[in-house]
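Just so it is clear, A, B and C label the chains in written order, and each chain counts residues from 1 on its own.
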Amino acid sequence: MKKINWQSFAFQRPYLFTLFLLFLAVVVNFIFQPNLFDRSTLNSNMRVFLPSIFLAAGQAVVLIGGGIDISVGSIVSIVNALLATQLGTEASPEKTALWLGIALVMGMLCGAVNGFFTAYLRLQPIITTYATSFLFAGIALYILPSPGGGIPGAISSFYREATPLGLPLAFYIIFLILLGWIFIRKTRYGRYLFAVGGQPDAAYETAVPVNSIQFSTYVISGLMAALAGIAISLLTSSGNAEIGDQLTLASVSAVVIGGTALRGGIGGVAGPVIGAIILGLIKNIISFANVDLWWQTFVNAAIIVLALAAPGIINLVRRKRP
Amino acid sequence: MKKIAISPPVAAVLLAIILFLLSGLLPNGYGSNTSIALAQATNILRLSVFLGIVAAGQTLVILSGSEGIDLSVGSTVTLTAILVYVICNGQDSMVLPALVVALLVGAIIGFVNGAGITYLRISPLVMTLGMAGVVTGLILVAQHGNVSGAVAPVMTQVIARPLVLGIPGAIIIWIVFALLIWLFLERTAFGKHLFAIGVNRTTARLSGINVNAMVLATYAIAGMLSGLGGFLVVGNAGVVFINIGNPFLFPSIAAVAVGGTLLTGGKGSYWGTMAGSLVLTLITSLLTTMQMPDSVRRMVLGATLLILISIYGRQKGFRQ
Amino acid sequence: MSVSLSARSIVKRYGGVVALADANLDVQSSETVALIGANGSGKSTLSKIINGVVVLDGGQLLLDGKTVHFSSPQAARKSGISTVFQELSLVPQMTVAENIWLAHEPLKRNGLVDSREVQKRTEELLALFEGTYKAVIRPDATIASLPPDEKQIIEILKAISFDPRLIILDEATASLDSRQVQRLFDLVQQWKQAGKAIIFVSHRMEEIFRIADRYSVLRNGYTVGEGLIKDITEKELVALMVEKATAASVGNRARQSPYQKTNQMLRLEVTDLKTDLLKGVNLQLGDGELLGIGGLKGQGQRDLLLALFGDIPYTGVVNISGEAVHFTHSRQAIQKGVALVPGERTKEGLLYLRSILENLFLPSWNQYGFPLRMRKARSDGQKVVDSLSLKMAGFDEPVSSLSGGNAQKVVIGKWLLRNPKLLLLDDPTKGVDVGTKAEFYKLLEKLCEQGTAILFYSSDDEELLGLCDRVLVMHDGIIRSELRGESLTRSNLIAASLGASDGRVE
């Protein structure tokens, strides 16, 4: 029985299932929210999704390199806490730019810590980033013990309302992310990434600088988390040290739904980005479908688990057929 | 880094002793008053029981290998604690049914975890993290009126108060529990098979072991132990609140790591986890005594785990 | 091109174990030196030191007369040393082209990979082995889709893509069929003419005498002999490799097949067995019979054994001890008295972290009650250990502390404890030293005398010829020939392996 065909087809096109889910989510969302494609709704939706999109892209890079980063949510919290306390609503453009830069550096620094322990001390990624997630969460809480602070109105309204050429700002950012990824695929670094994630021993014996590559993936993840933190700060215009808590699961789910296998070595960034959008649409659907407030968390979580389970269920069914 | 010749559980116990002695030197520590020191030591021991039992399931799951981990522990403890609280409603007669429900609910959650991991090939991290969200959602559904209930008096008596020779019942429960776990791990075929699948699932499979059934059972048992944890936690606290289980999640993993169980699976013991639970409870209690805010507690715990796995958890490098 | 490499008095320790105590090797342009040694002799370690994967603890490495210190495989490669590994250094999910050019892809001026150049050069390299592939290999095929022999060829192409001056072939012929080996040796001649130097690490005598100019023998970490190949015989080489004269001469087959005696129980009967790879296998095996399976690698031998053990799905009829069975899990097979010694000891046969005791009893704990009767287990285990002459420090030592041969004894002991009626063996003497091999052959013969039915796949033709009553040669998923008695000769074996029909076809 040639079951190989379907699998290798789907293998080379991991986005197929993802695109199907996207289509499904858009349609259902449209049913509950008929003005989904209106300019302002689109804009508002995309800017809400953007933090998760950044995180999904960063997580994808780490996963392809064979690791995982579950501290991303906490890095987002640190950046948010930092900006909210240091800027306030009245900060000057120069100060804002300065602190945005510092936030990016902060994210990369956190990533470097992760990278150091996993790539150079060769500790297990799951447990290491779990430990740092706690550490970073504590730092965020230290900077901002209780929700408050502020973000300058000018820049956050830019984020919220800007629609260059009629398209939401978020579209351009997504475009840049995908462009960046295509560029990486075409460089030697991109091949190193896949080799390191796919078969690290083989990569080492082929003189690939495995440690540096894995280290760099965490720095990239930290950078993307910082960008997500900036986005969320602009979105909410305030600070909350626990804001990142939910985002970690979302980033990993987005990548799984997006078709990047958790074992490293295959996948891309486009799938996870779509995965993040799908998760955002699901949240939308739940709130617009008038689900009881108390049930919303449960329904959201259950749908996520089902979406994560779906590829497995499909495989199970295929395997059982004689 | 020089190789440490002491076995990890022993090292952890030594660390715990050192930490305890240090705590005596603090401004509001026991100083040179031995009776207060004894009382405080007993209290620390008693507090460690809850983390220790919650971490037992985590130990099993991590031993089973293949990046086994259970991130749904916190929410399971909370859910079962609430259920026990509501079912008991202050009646001694309802204690046993409440316990059974707690164990059953925990086992079901664990079973779902196990099923997703074995049959749907979802990684343990993702599956248990996802289930944690689902269970939290269930808690909100259950809680959207406020929960009313109460702990039964016999629970408080056995768990929170001294039972025999001034030793709190909780500690006695823990000792019995530990012996049962030891028996389970080292003197049953299941235990031997558990270590086997933790080391090499292919070899296990080719030696007649039903790996899928083992993994399923392990996560179900772990869930059940979380349920037991929830029962004991609410029995100790006397009240229930929405985040009652959360403080146990991170430390449960840290305790297993501190105790020397390999995070890749296949090697370790529950004694180590017990020692690890002691250490972590001590750290937390020290920080509370020093009146450190929650942020510092998190930073210290995170850093502690990081340091400990740097010592114990280093995997083979590429260059030898 | 000229190159010369000297390894002088190399020392290497792994923790407490001394892998190399005093190893020496000299090789120069236009010559092939065979680095020979039994398993555990240190020859793989020495080759890893030369190509920079492992750091030496003592001694010197001289390249072109100057002392060198390789800080990484990259450094060795830059100096012109390239290695073909047996355990592949390929990334399965990436393509042939991506793997060959990994870390040294031709780049365009702007830093991006020059895909057209990559394609062209890959095709040039693939052409070197043209005619020896099963089907044409495309540069964009994934490694995972290739059979083991073609993977090995890609490994070779990868090594020469660096245009090295010194090439190390570390057991590189293990997965290749005879046509491919010949082509490789043709290439080796070309390389010698171009002035390259080759180190040929192997224990296959026949190939060594075909291709090598000089030899260097390692034993227990010491270099015990060097010289010209034409000045030495195979027997003398083997004598250098082994401490005592326990070199197993498998050549004497005087055993009469008990199957030819009447009323021996037919233990195993297979009819039309099909899996993904197998296309309809039929065979019969009686008690006390040692049935060999031969043929080139990857023709379905492993599948056959796994299917009989219940580890992979199949269709067809299998009768064991007269009873129709269809195992879907190894547990069922074990209950019916079947045992399998798998092909990869570390990955499939042992629990490396656990103790020798736990490894021995892995399939048997259910029989020791609750709580487990450890004392009985130890005494039962001691009996098996003694019968196998297993050298160990104690039952609680981890299996990782044992040498290759002793570790394999643990795998066998694990099954002997269950008194199997049908013993399946997947290339059990791979990587086992000569002394242990001899003990192993004696053990197999003893088991046959006791009535165990044995199905034995070996990639070593000498073994099959020397041990087995009958040999079934597999090709392309079916049993191409059955050789026995007078038809069981080396040339018949090879002919049948290559697909020619010879002798009775089952």
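One rule holds for everything that comes next: a residue touches a chain if its C-beta (ideal position, glycine included) is under 8 Å from a C-beta of that chain, and two chains touch if they have at least 3 such contacts.
Just so it is clear, the model here is predicted, and its values are computed rather than measured.
> Would you kindly say which chain has the C-alpha centre located farthest from the C-alpha centre of subunit B?
C
> Taking contacts as defined above, which has more of them, A-B or A-C?
Per the contact counts, A-B leads.
> Round to the nearest whole Å and give the separation of the Cα centres of subunit A and subunit C.
Roughly 45 Å separates the two chain centres.
> From the C-alpha centre of subunit A to that of subunit B, how far is it in Å?
Distance between chain centres, rounded to whole Å: 30 Å.
> For subunit A, give me the residues that contact two or more of the other chains.
Counting only residues that touch two or more other chains, subunit A contributes 201, 204.
> Hunt down the residues of subunit C that sit against at least two other chains at once, touch-wise.
As it turns out, subunit C has residues touching two or more other chains at 53, 72.
> Across the complex, what residues on subunit B touch subunit C?
Answer in residue numbers: 183, 186-189, 192-193, 195-196, 199-200, 202-210, 262, 266-267, 319-320.
> Which residues of subunit A touch subunit B in their complex?
It is residues 68, 70, 117, 121-124, 126-128, 130-142, 145, 200-201, 204, 210, 241, 248-249, 252-253, 256, 262, 294-302, 304-305, 308-309, 312-313, 315-316 of subunit A that touch subunit B.
> Which of the residues in subunit A come into contact with subunit C in the complex?
My answer: residues 186-188, 191-192, 194-195, 198-199, 201-209, 265-266.
> What residues of subunit C sit close enough to touch subunit A in their complex?
53, 72-74, 77, 85, 88-94, 98, 102-103, 105, 107, 111-113, 158
> Could you pull out which subunit B residues touch subunit A in their complex?
Contact set of subunit B toward subunit A: 67, 69, 116, 119-123, 125-127, 129-131, 133-134, 136-138, 140-141, 143-144, 250, 253-254, 257, 263-264, 293-303, 305-306, 309-310, 313-318.
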